[in-house]
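Structures for review follow.
Common to both upcoming complexes is subunit A, partnered first by subunit B, then by subunit C.
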Partner chain A sequence: MAAPDLRAELDSLLLQLLGDLEELEGKRAVLNARVEEGWLSLAKARYAMGAKSVGPLQYASHMEPQVCLHTSEAQEGLQKFKVVRAGVHTPEEVGPGEAALRRRKGPAKTPEPQSSEAPQDPLNWFGILVPHSLRQAQASFRDGLQLAADIASLQNRIDWGRNQIRGLQEKLKQLEPGAA
Partner chain B sequence: MLEGAELYFNVDHGYLEGLVRGCKASLLTQQDYINLVQCETLEDLKIHLQTTDYGNFLANQTNPLTVSKIDTEMRKRLCGEFEYFWNHSLEPLSTFLTYMTCSYMIDNVILLMNGALQKKSVKEILGKCHPLGRFTEMEAVNIAETPSDLFNAILVETPLAPFFQDCMSENALDELNIELLRNKLYKSYLETFYKFCKNHGDVTAEVMCPILEFEADRRAFIITLNSFGTELSKEDRETLYPTFGKLYPEGLRLLAQAEDFDQMKSVADHYGVYKPLLEAVGGSGGKTLEDVFYEREVQMNVLAFNRQFHYGVFYAYVKLKEQEMRNIVWIAECISQRHRTKINSYIPIL
Partner chain C sequence: MAGRGKLIAVIGDEDTVTGFLLGGIGELNKNRHPNFLVVEKDTTINEIEDTFRSLGSLLGSVVEAEPNEHDPPLWAEIDSRQFLHRDDIGIILINQYIAEMVRHALDAHQHSIPAVLEIPSKEHPYDAAKDSILRRARGMFTAEDLR
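And then the complex of A and B:
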């Protein structure tokens, strides 16, 4: 590969890396804000309902996850993460990617045919008539989940980008051994 | 009962009234709250609380100090004071104090049943139950499968027995039915307590009846607000409203038909007391409906101390102490989460 082509590719990779870094910073700040909001809304719910009504007594020690993490490989070595509702059939993937369903909590199982029962809303662990702050907490944490998957994909992409750049720089050095 | 409590009250209850007024004087002041709000860690909070009437109540706690431990210790302390009043009381004050404990018993029963649903061990839940609502048959509650089971086998000997009339059914106890059971028991309890105070007459009725009417109306509003968007039908919702209070009966009928917050607000507009409360919800302070109702409750309870020779001072003291505990827990949560923007949302009492 000629040196100018390599340089052009290096430049574009670098630009993409910097863009990804900026996006990562932004998403991290939003995730922190959402998680903080979620915890404060939980504290507000405890204020309204009583301190022992929103706590570890209300949930079982073993729980079925509501969302699963779906990993797919877009390019060689680059993995993307997506958060998917449990109980929803994932569409057939056409292409080079290999799809794997990984459960985030609970025992590791091979993918089974989906059960017909809809997963229960965890909000009902705290009663049917829950205050608004508890619903707000649920919404904040749900947004946070989405962001977490995006951040994981971005970080993967950044690592992959850095490896590519390193590889290209090696190649350039070999082509132009005397170049500064 | 002869009118003229001034002549007879102190014979049986004067000592306890003096005691409860002394306890009320030791509630945290505005200056105490200002000191607490400036704490950086929970250890600081513990040190500041040592200078108040709470003293060394956290001295035996192992590190790390959590908000949950602070709450449990404060509850134990309140329970100790209340049991002293209860053990030294004579009739009819002892019946009045027993009525006060029934609300905590209902909460404990529901906590135990929910725990059974989630397959928790009884010992774990018993540790978290409210100490004021203790009764001997508590450990057996998780065995019951239907409300009639629960009543016949377990609760028939407790003070909760008379509240079960509307709740007997063969439905299995799942989340919806447990919630309905909780609200129906509480409704029955409030109505019985109200009748007791009214029949007692005298200053007690004059002080307690408005407070209990407010409690009934507050429950109606909160049940309505929380039921929007859930699977609870309007007919079911109407059966949960207590049948007394300012809203009974026309307001309750209107509330049962409400479908969103604005419709609820238009119902409240008919009542001079509730109109400004509902209008204060939202706005720049971000107040919730529960906040405005807690504020109003504090106002009414503080006013109860302006009159003498009635049992309302005991009820008012316990409720004010609970509000103080809620305030301290809120401040502690804001400190431990390092999220201090809303730390001043507590309700000052004195």
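And then the complex of A and C:
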């Protein structure tokens, strides 16, 4: 590859890296804000339920993850993360596009096969009726998990970009030892 | 495992771990050790490091090479909890003040999976200057590179 092409590619990678760093900073600020909201909500829940009512003593002895990560490799060495929630069902859409009346067939004949395998909501560890603040905490930390996956993907992209840039710089040095 | 996906692990203080477990990342059953560690006042740095170290390494044999001579009965238990050596963990969330305690282990972790994410804690706000990833990115550019 000729030196001008390498330089153009290097410039492109550098610009992408700087863009990724800026995006990372933005997402980090949002993640930190969500986590702080979550702590505040946990503190409110603790105030409502009692000091020792929200903590490791309430953890279940058996836990199944409601959230898992799917990884995909966009390019060689570049991993991307996506958070997937277990037991998410898309609601049936009955929209205005239907020309005829929807025929109601009565009770559902086939229940969802996954309903028996749906993991237990961690809110249930803390009792049947939990304060709204605990639900808010859960929502904040769930948002945080989505952001964490995006940030992890960005971090991987930054590391990947960094390695690509170093490789190109080495090639440039070999092609143009005098310029270095 | 292909249909199940990877887990998110968390190493943090009580509130951080409780919060993320509320988010639904926790796994604990009779056969598997937990994917979380609550760091308390009496949690030793060795325990944090041992729990973290296996989460990211793809070289399972490294674990057997480093027996803990101070706590031999706990070695097997700590070994199986080590996050870096588990291939089912995709992201490790760790409070930054805890990450500072095991910074050398974090800096030594170069693999893309599991990704390590430093998060603030209640008493210690996030400091970008201490983040391993950002420090590596910042160290990329020297005066010579920009000529």
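Quick note on the criterion: the second predicted complex is superposed on the first by the 146 of 180 C-alpha atoms of A that agree within 3 Å, B and C clash if a C-alpha of one lies under 4 Å from a C-alpha of the other, contacts with A are read in each partner's own complex, and residues count from 1 in each chain.
The definition used in the following text is that contacts are C-beta pairs under 8 Å (C-beta built on N, C-alpha and C of every residue); 3 or more make two chains touch, one makes a residue touch a chain.
Just so you know, these numbers come straight off a predicted model, no measurement behind them.
In the superposition on chain A, contact is made by A:Q155 with subunit C only, not with subunit B.
By the touch criterion stated above, A:Q164 is placed in contact with neither subunit B nor subunit C.
After overlaying the two complexes on the shared chain, residue contacts for A:L21 are found with subunit C alone; subunit B is out of touch. Once the two complexes are laid over each other on the shared chain, residue contacts for A:S140 go to subunit C alone; subunit B is not touched.
Comparing subunit B with subunit C, the partner in contact with more residues of subunit A is C. In the superposed pair of complexes, A:L69 makes contact with subunit C only, with no contact to subunit B. In the superposition on chain A, A:V35 contacts subunit C only, with no contact to subunit B.
When the two structures are aligned on the shared chain, A:A51 is found in touch with subunit B, with no touch to subunit C. When the two complexes are overlaid on their common chain A, residue A:A60 makes contact with subunit B and with subunit C alike.
When the shared chain is aligned, subunit C comes close enough to touch A:Q79, but subunit B does not. Shared interface residues of subunit A (contacting subunit B in one complex, subunit C in the other): 36, 39, 55, 59-61. Within the complex formed with subunit B, the residues of subunit A that make contact are 36, 39-40, 43-44, 46-48, 50-53, 55, 57-61, 124-125, 127-133.
Listing the residues of subunit B that touch subunit A in their complex gives 67-68, 71, 107, 111, 114-115, 118-120, 124-125, 128, 130, 175-176, 178-179, 182-183, 222-223, 225-227, 230-232, 288, 290, 326, 329-330, 333-334, 337, 339, 342.
Across the complex, subunit A meets subunit C through its residues 17, 21, 24-25, 28, 31-32, 35-36, 38-39, 42, 54-56, 59-71, 77-79, 81, 84-86, 119, 121-123, 134, 137-138, 140-142, 144-145, 148-149, 151-152, 155-156, 158-160, 162, 165-166, 169, 180.
Those residues of subunit C lying in contact with subunit A across their complex are 4-8, 14-30, 34-35, 38, 90-91, 93, 112-113, 115, 117, 119-120, 122, 125-126, 128, 133-134, 136-137, 140, 144-145.
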